[in-house]
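Two complexes are shown next, each including chain A; its partner changes from chain B in the first to chain C in the second.
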Partner chain A sequence: MALSQPAPTGISEVQKKPFPIKNIVTSLLPLLLLALFWAEHTLLPDGQMFTKRRYLAESFPFLMGLYLVTFGASFYRKDFHEKLTYQAPLIAGVIGFLMLWDVVTLKLGLLPLPQFPSPGAVIAALIADAEVLFVSIYHSLGLLFGGYLLGLLFGIPTGILMGWFSSVNYWLSPILRFIGPIPATAWIPIAMVVFPSSFQASIFLVALAAWFPITIMTWSGISNVSNSYYEVARTLGASTRYLILKVALPASLPSVFVGTFMGLGSSFATLVVAELLGVKAGMGWYVSWAQGWAEYAKVWAALFVMAIIFSGTTSLLFKVRDRVLVWQKGLVKW
Partner chain B sequence: MRERWEKLGAACLASIFLAVVLTGCGGGDSKPATNPGELKKVKIGYSGGTCEAPVFTALEKGFLKEEGLDAELVKGDFDNNKNSLATGKLDAVNGLVMSWIKPLEQGLDAKFTTGIHTGCNYVLVPANSTIKTAQDFKGKRVGVDAMGGSPMMVLARELVNNGVDYKNDVQWRVFPKTELEAAYDKGEIDAIAVGEPFGTMWRKKTDKFTVLIDTAKTPPYKDEYCCLLLVSGKLIKQDEPTAAAITRAVMKGALYVKDHPQEIGQLLVEKKYVGGTAELNGEILSQFNYVPSVDGGEKAVQSTAVEARKVQFLDPATDPDVLAKQIFVRLKGVQ
Partner chain C sequence: MSVATLEQRAVSPAAEEAGRIVVKDVNRIFRQEAGPDVIALDQVNLEIEPGKFYSLLGPSGCGKSTLLRNIAGLDHVTSGEITLDGEVIDGPHFLRGLVFQQPTLFPWKTIEQNVATGLEARGILKEKGHEVQEYIRLVGLEGFEKVYPHQVSGGMAQRASLARALVNHPKVLLMDEPLGALDAFTRMQMQEEILRIWQDRGTTIVFVTHDIDEAVYLSDKIVIMTPRPGKIQEVIDVPIGRPRNRNHPDFWRIRSHILKIFGFSPEHAESYQI
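So, the complex of A and B:
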């Protein structure tokens, strides 16, 4: 399935060789599996209760048409065709998994409701609650970015101070060790008392979750900077400020970025807890509501959306990292 | 070199296999057959609310033993109890019909068997507030401890039945139960809809709160059973006599609570089943009508299903009467 076409080397050179059959078959795998899925979904009898609109069944012709069009269009652009051929088995795998999921829940009823809804139920939940989900995404992103940026703003300076000044380290390190294991839920009563509004309390919870790993990794990065860098800079007449900002910080950036990734993950995980405090909408708020009502199709739909957002923000962070650490590109894979 | 990779691969597969076996075998849940004369083991879930007094009473006063049951009480919150009951890890739970109607509609494998007591939901407003009727709730913010929970449904019913659009005209804010008062103090919410024991605790602060709705006293809720007993679908299918025995024992417990609220209030606190003082618990227990009734339970399920459909908690495709019949069961030997 690997790409085996050499890229065209000149403007006038056009690939004259015919496309290998193997690539074409691979690219058509998703189509085959879509057809199988369509057959399974419409021909087999239902074994599980299903009262929603059958969006999945209705979408098959559209999906197959879409893939055919994409496949046809790919013949006009070499690199796109290669990418499609490369991704085709994965796409086919996903479709196969959805089909298996459908068989085990909707058709055979092997896994019981309400804990195991079929893919059609999750899609129906996504479409039915699209408006609520959009509003919730908007609110959650606001909370997430607000808290995360605050965590960054406090975390990086704290880490630098801890890594550089041993007196700061002396006082802050035990505090860090103590705060670390305290779960976000335990902070709720304190946050509600200290902060004038529950929104601020929510931001505090997310910021705290991000602050902890960011501080630790920044501290670690700064304190691990090789002494030889400082010696060289000092012989050239560098002041302390220069040493911190132009030597220590850039050298510790790889470690700092590890901290930012961990902080992002922690912020996400704390989102559900933070949204217990009087939010108007939010992904965590939505998941709690759906869980209380045992509407697990909605829970899965929301988790799917959250996974996309998490994946997207992490990719964004990686892009930032790649620009800043251009000399280290390719070292860590996402 | 290749041998090394093969060994590594085999070691990885072996450890995964071991992990699967350990976790899989650890969860074996087969109930051993009991000899005649031995007590049958059952698990009853609770969350630590005063309402659940009949369950504690049934254990402590020996009613469960009389019915031939060796009961173990398992503590968990609402979500845990829901899932445990549905998968048969718990045999019975005391539950608010308005909180359970939606999960049961979604297919949770459990059924109501009897009504236990009326009223334990409250809607509280500021002591001298302008909010006196349903119409006054337009544009206000109401604090609840869960979206779509029992207290929210009570207020939603009141609003819908008086022509107020509870979805668009009222803002609902969720807070943990313990933080609702703090949120109210900060001015983030204008009213609170909550259950016990906070309802009784806060209504005492008469300079702060006024009770607008008390489902034990306000019509039409006052005659409706609020807490019912739920039994897992698995138990009903496999061992209906035991399900009936649990139900009878808890009903006896309820009658005892009705006649001795102060004594049971004391017992709850002594045995650390619930928080608060003995006096507070005794007071709460004496407010509710603890006369258990299968008919009352059935009627409550029917009216809750209809109302839940009205406030659009239930799916549009659900027929409330069909649902009510599906989720309530009259066990043999239970009156």
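So, the complex of A and C:
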């Protein structure tokens, strides 16, 4: 008789509960790490002197409160709760890393100053220079988007024309092969004298940096479209215009997007170098200016801000791609 | 699969205006850089009567696809000419629909958008867009309008490509081994559907196949082709009433006749595919 009874279904019962204990413990990990960090930061004696770190010391209760509120709120939405549970170890890890950083800098003084300030000092720099940083971000974003969009606007049509018309390809591909591999940054000295303002020069350089990979990948995408798509479309009554815009272009979009990601990467590099060297504003300029005054806390703060801007921009492009290439979902592994 | 007969009628109350294809002294020679020239079509003459179901049957390499592609206008004859209702064919036209062995659906379009391609390409999607749904129903794909090609089975994809060709109301429907990639069961189902659509719409059909049974089951006329060089050997009439029974004596007689042409004696032939 016992054999015919269904096996105990412990696992599925746990899953039926909306908020399993294990998940709750996991989601509380960041709180534990915050408490540890707080204790470490306030109780251990300082090794480095004269460090500005008021903001960090004062932020612990706020951060813990903020996390508690988020945690509490997550019980109202199951999907949010699951997301939080998933992210919790990562958040805890980041806090742990900051604590470690604090220990080796502020507490033990193992890393040289001024190049390696403590996290508290970087936060202080971030807050103290917020206004200048904000203006720099604004300036950099203007250059980045202006240049990148210009690169897209020229790159995709150039790629399409090269992929479609062999006469265009004949003249453009040697130019592309010859000039394309030069890093856009190498043009800085020339661009700075050719263009009336350094802003225009930078826009041009960023656009050039984005244009090259976007053109190459659009071109290669168009030339790799299977001939049978064109044949089907032609038997259905497609004009050349339709073949280009509604067959060739969508078919090569996956390749075009590879180009846009590559273009974005080189745009970042070109932007920062242009600002480091010639432009008197923006994130790159801020970094070199802070370095000139040996204010490394500010350099770190600026690097942190750049990381956020660039990774944010990249995620934005990923979102756009996921939207446009929704038909690829399940077809290829992203 | 449950497509009511009444619904199909809604698509075209009157039969399509069928097309007469005349293939006259057609040669098609592929000049190759390496190796000798290939004579894919050698002095081919053929008259395809409007509204009839024709099969092109023959072993691999005998020029079936080449002939079909020339009728479609995707390839150009080396000499001779092909006309549709008196007009010389010199390029593709939406009145000559083509279905390949592979469905070749556009992967970036949903099933519905794929079917609508012909209307969109001709710029009449606004006026005729309502017909798309009717063709989707005609091939039994309702409920799959919004999915992408990779999410449907091979048989469903082939139905979609059939609907995509039909949406243009072609005079002639050219099919190059459209069922070649399907399993036996789906294949038989699709044979029924193709017959049903053909009878409903009266379109001229030119159907390429390797399968003798399939040719005998579907066709009014079977065009037997032989390779090296690609030639028309014989055009066989299939005077069997429809719906056809695969075990009918006439069916067997025609099949044996075809097997004999290709040099198989029917008693020993295990498989009827060539």
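Following the convention adopted for this analysis, the second predicted complex is superposed on the first by the 296 of 334 C-alpha atoms of A that agree within 3 Å, B and C clash if a C-alpha of one lies under 4 Å from a C-alpha of the other, contacts with A are read in each partner's own complex, and residues count from 1 in each chain.
One rule holds in what follows: a residue touches a chain if its C-beta (ideal position, glycine included) is under 8 Å from a C-beta of that chain, and two chains touch if they have at least 3 such contacts.
This is a predicted model, so every value here is computed, not measured.
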What is the contact status of A:79 with respect to chain B (first) and chain C (second): first, second, both, or neither?
-> neither
Just chain B (first), just chain C (second), both, or neither: which does A:192 touch?
-> first
Would you mind checking which one, chain B or chain C, touches more residues on chain A?
-> B
Looking at the overlay, what does A:251 touch: chain B (first), chain C (second), both, or neither?
-> second
May I ask you to decide whether A:46 touches chain B, chain C, both, or neither, giving the answer as first, second, both or neither?
-> neither
With the two structures laid over each other on chain A, which partner does A:239 touch: chain B (first), chain C (second), both, or neither?
-> second
Do chain B and chain C touch any of the same residues on chain A, and if so, which?
-> none
As the complex stands, chain A meets chain C at residues 228-229, 231-239, 242, 246-247, 250-251, 253, 325, 327-328, 330-331
What residues on chain C touch chain A, complex-wise?
-> 72-74, 91-94, 96-98, 100, 102, 104, 106-110, 117-118, 120-122, 148, 150-151, 161, 164-165, 168
The chain A residues in contact with chain B across the complex are 49, 51-52, 112-115, 188-189, 192-193, 196-198, 276-280, 285, 288-289, 291-296
In the complex of these two chains, what residues of chain B are touching chain A?
-> 78-79, 82-83, 86, 99, 102-103, 106-109, 143, 146-149, 171, 173-176, 178-179, 182-183, 186, 188-189, 313, 315, 317-318
